[in-house]
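Report on one structure; see the data block that follows.
Should a chain be cited, it is by its letter among A, B, C and D, assigned in written order, with residues numbered from 1 in that chain.
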Amino acid sequence: MVNVGVLGATGMVGQRFIQLLDKHPDFEITALAASSRSAGKRYEDATTWYLDDAMPESVKDIVVSETDPSSISNDVDILFSSLPTENAAVVEPKFAEKFIVASNASAMRMEKDVPLVIPEVNHEFLDIIEVQQKNRGWDGFIVTNPNCSTIALTLTLKPIYDNYDINRVYVSTMQAVSGAGYNGVPSMAIVDNLVPFIGGEEEKMESETLHLLGTLDGLEVKPAQFGLTASCHRVAVLDGHTESVFIELDQDINIDDIKNDMANFKSLPQELDLYSAPKNPVIVKEEDNRPQPRMDRNADGGMAVTVGRLRKDPVFDNSFKYVLVGHNTIRGAAGASILNAELINKTIL
Amino acid sequence: MVNVGVLGATGMVGQRFIQLLDKHPDFEITALAASSRSAGKRYEDATTWYLDDAMPESVKDIVVSETDPSSISNDVDILFSSLPTENAAVVEPKFAEKFIVASNASAMRMEKDVPLVIPEVNHEFLDIIEVQQKNRGWDGFIVTNPNCSTIALTLTLKPIYDNYDINRVYVSTMQAVSGAGYNGVPSMAIVDNLVPFIGGEEEKMESETLHLLGTLDGLEVKPAQFGLTASCHRVAVLDGHTESVFIELDQDINIDDIKNDMANFKSLPQELDLYSAPKNPVIVKEEDNRPQPRMDRNADGGMAVTVGRLRKDPVFDNSFKYVLVGHNTIRGAAGASILNAELINKTIL
Amino acid sequence: MVNVGVLGATGMVGQRFIQLLDKHPDFEITALAASSRSAGKRYEDATTWYLDDAMPESVKDIVVSETDPSSISNDVDILFSSLPTENAAVVEPKFAEKFIVASNASAMRMEKDVPLVIPEVNHEFLDIIEVQQKNRGWDGFIVTNPNCSTIALTLTLKPIYDNYDINRVYVSTMQAVSGAGYNGVPSMAIVDNLVPFIGGEEEKMESETLHLLGTLDGLEVKPAQFGLTASCHRVAVLDGHTESVFIELDQDINIDDIKNDMANFKSLPQELDLYSAPKNPVIVKEEDNRPQPRMDRNADGGMAVTVGRLRKDPVFDNSFKYVLVGHNTIRGAAGASILNAELINKTIL
Amino acid sequence: MVNVGVLGATGMVGQRFIQLLDKHPDFEITALAASSRSAGKRYEDATTWYLDDAMPESVKDIVVSETDPSSISNDVDILFSSLPTENAAVVEPKFAEKFIVASNASAMRMEKDVPLVIPEVNHEFLDIIEVQQKNRGWDGFIVTNPNCSTIALTLTLKPIYDNYDINRVYVSTMQAVSGAGYNGVPSMAIVDNLVPFIGGEEEKMESETLHLLGTLDGLEVKPAQFGLTASCHRVAVLDGHTESVFIELDQDINIDDIKNDMANFKSLPQELDLYSAPKNPVIVKEEDNRPQPRMDRNADGGMAVTVGRLRKDPVFDNSFKYVLVGHNTIRGAAGASILNAELINKTIL
């Protein structure tokens, strides 16, 4: 067993980490860190638990540490981070001096020597770790996963991008309130309403997606070269981001081929049979009225993205449209970091 | 006062007609028609009232008529129709033999000799009435308004289309449940969920919008020639459709010019000072997090469309994006038919 | 394995039966019956699946039967019924001529010779089956479970009633929309709203609860003699009924004793270790803000009722109050019938 | 015109004050106070406006004052307070040295020399002001209105209490999220959920109601002597508290008499024709499925309470039950303070 810890353990994504790591065959939680307000308390006493499933017994008695490397035992190998951005920018580098940090925070994602990885999409970016350790003189390192909306979208673009040249992508999101944290969206803002703005989200989708689909030139990332524009909206859904996607290729479309490319897409995590890897990263539904967040967010334990309404665009040449749903705090956050760690554990450690 | 009636008077759009016509300075409701189940009863007894405002006193005692021209008194001039499509296809032509029918139904919208009209956009299409009456030998006529999502979108496109050549429009909608009628969307389908499909809606948006922005060639409509593709979704909002719009022009964008074009847009209904005409058909908001359906759907009595997040597209040349909210059962249905009737009353009768 | 079937298999409770019976160690679904519209089709083709978990593979290919005893193979032993009341009244007796019918329908509940049973509360009422078979000349029999709100309430009253004399119970419910069936509550009725009426519900709670807590006099039920009054309301919750309960005993209250009575309550299903029996039928939470339907409805697979805010009444003598949450379509419907069948299977068959 | 100000002007109840005072025939807003963060800014710049109706033009340019008597001009006569409790306890007495304070805060409600008043219920309690001014040596004074749930309930109890002896009242509430302030209830807490706890609410209902229905003995309040117990719950409704009420009298019930007592109830505000007074403080609906918060909260401008499902209790003697809806931030907060001020303006100033 690899000993792991969670930074930001009392928050919503922190709780998902704990839920997903409970009963994990290779990872065992031995450290939980949070703010000074929680440090020193039993995890159960420090935490208002938000998830439908009850808090795992195994973590209740763990005493919460300060978010400081000196507070974490040296026998911990991997730290999962769901720290707030500003905090992560300061703290994660300190942890990376001796620990592996698998981070869901956005702070370090676009640093040149920090791999931003979805295992099914660009596992080869892990090679960048070498540069990072050399540059910074760290014994540990940081690996990051993208923003929640980006992950779900990129998983569906990858099998297309592998087979065709993409010209344009237009994406409009309908995102769950859990993405903003437990207290992020007041009920007064979302009951009988929606909010057409999520700070920084469109910029992340527009840059991270191209980065992830890019190539390594030496150990530098050359982003993919097509255009992708996003508009992001918050709707009255608890978990599960929905995205409406329009794509133009530079060639004729056979919609069945595209469907097959998506439905049959598999990659390294499936080959390595990683514990958290979904059998199929993309599930394609035929029903008119799917995917729906409540019905599809938990597909394959919340790690698969569900696509539906895949249809030829009746208006634009070489174009098609579809709708996707992905679980924002599992595949889009905690599960993403864990899958990164599983890949590292299997291929690097 | 012009005597008017409502066909489909007990349904949700029928009730909006009644609400908006109550206290109307030029129109007086003297006839209400509905299905045989309701016919013969007092309106109050026949109707489960759905709107927040109470049922107007003035209609409570009106005895509901059969949906049949012979049941409607000859001194009625205009009939507002919110009949279901299949029903409208059969019944509206019969009424048009002697009455003016201002219809919100989709059945006759794309008939060559039936004007599909938004008064601010293409009032000149009313000239087609002449052809219709000649073709069909009717003393009355039918005028239609577009689908709810189309109206809101087209009102925002018109000031752009008047000033620039549009290349492409991508629109993704987040539509209110009232658009499906009172019983249309079960709560089990929409609480903590959304539904990414609305039958026929995308096709209507794609064809009606270009039709409305088209020109009259003789008395035949030549649709606008740009491409517009739509993806339509139902969300947990009671009233007010939200649309996320991406536009590419064939020239450079000055976003302030576009903002001004929209904000200053006025047309014939404003000039004629029609009773239901909004002061500004398009209201442009500067706040990041607007428009929101609950906050903006009732702008100018629900007859104005609110635009926000108007921004240059950072990715595509000559492109910009915005979000709009329009009230689907007021500006997008009953109010649309009434404004058509007010225009007819002022310019034709 | 006992072969079982489901009547009303395509509806919402029917789907819960299928979900709960999949992987059952003792029961195997071999028959699914529904209306003529569905009969003859594969279950997967006949059904719009509503539950978050996917349809079990094992039932997809079962051909749906007519709801008629002659359409059901003789090697089926138990039929679970989620038929609508009027239908159940006619059809269940026909099935009972040769099958065991474990029914969630209300039609036969208050018949003198039909046991209305919650295994933890009044398992001895199964003795009435003997009378039923004699009276009606049936080889099979009908056993029923109570209304969803009644079951949850009665499970919490039983440990109190066993230890004290109850004078009065006042209960006000906040019930989930799934209780009305998938199409039962339009979204227009419940978003930003609640509905203070559920037809027949209060009457069922007021009579069934006393019946269940009653005693057998010979083979006739003598209902419990205290007063219980209910007010029932529908709220915007998908699953899980919440009930606010006020109780007056005829003696002094020690609130810790009552808490212990509830928390330690076990009965025959726990002793017999029935597969669907919750470890503790009543779970008592200490947190101020619990139970909550989304957080507590799935306690012990949805078969336990969660009580919270158990507190001495500061106003009335000998009185206390609490709030409970129970899963209305699991413990309150399909799970209730299955637990009845498990008890019958263990003790009678 | 009487010059008035609002303390806590940027919050949710503060905004209701402004909305209701705009166009008021007797009161003119000339001062708006808020926290230091807002002080010195134009009201429009200091405020995120939450209400569906737009911010009134008349207040946009008012410069927000510090919440300090020295910052408020001496020509202001009445200050409406929606300050948080702890803040109100310190600040309101300072303002009362020279201003009239009509407060919605709970801080001073149960002080012996501070009148807690609903004009329709106990206007005579205003006599206590004399004691307050003498005791404290103030030129101004404080008058308070009760908690939102209490007001709605007490308005319906008053016509009963005037005519019968009440033995017991059991009330279970389903309260709107706006009652907790804009950021009070996270959407994660209430979508597909409810919360069965509102801190201090039950205690307020239990004590304030009896206080309001009490009598003046000299200038001291003798509370009413019956028992009232409450259980309070938060549901996914924006505005409008719903309460399920069970009442036992000490005599036989004639349900029609009770209905008439409620429906015909009028009091001093109706006699004096106060501007904000509803025509009927209690509206009784006959429909089975009313009152509903979305449909009934705005009755008579949000100042009337709507009662429905008024029915004889089938179980307990001398008992009946009903459901009520009242607008929590209009009749239950800002409108309540304003009606108090109107009464003072008409009868004392």
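To be clear about the criterion, a contact is a pair of C-beta atoms (placed from the backbone, for glycine too) under 8 Å apart; a residue touches a chain by one contact, two chains touch by 3 or more.
Keep in mind that this is a model prediction, so the values were computed, not measured.
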Between B-D and A-B, the pair joined by more C-beta contacts: A-B
Taking each chain's C-alpha mean as its centre, the one farthest from subunit C: B
Centre-to-centre distance between subunit D and subunit B (centres being mean Cα positions), rounded to whole Å: 40
Distance from subunit C to subunit B - Cα centre to Cα centre, in angstrom: 47
Shared interface positions of subunit C, touching two or more other chains: 191-192, 236-238, 294-295
Interfacial residue positions of subunit C with respect to subunit A in the complex: 52-53, 191-192, 294-295, 298
Residues of subunit C touching subunit B in the complex: 12, 50, 177-178, 182-192, 236-238
For the subunit D and subunit C complex, residues of the former touching the latter: 168, 170, 172, 174, 192-197, 199, 203, 206, 227-229, 231, 233, 235-238, 242, 244, 246, 288-295, 308-309, 313-316, 319, 321, 323
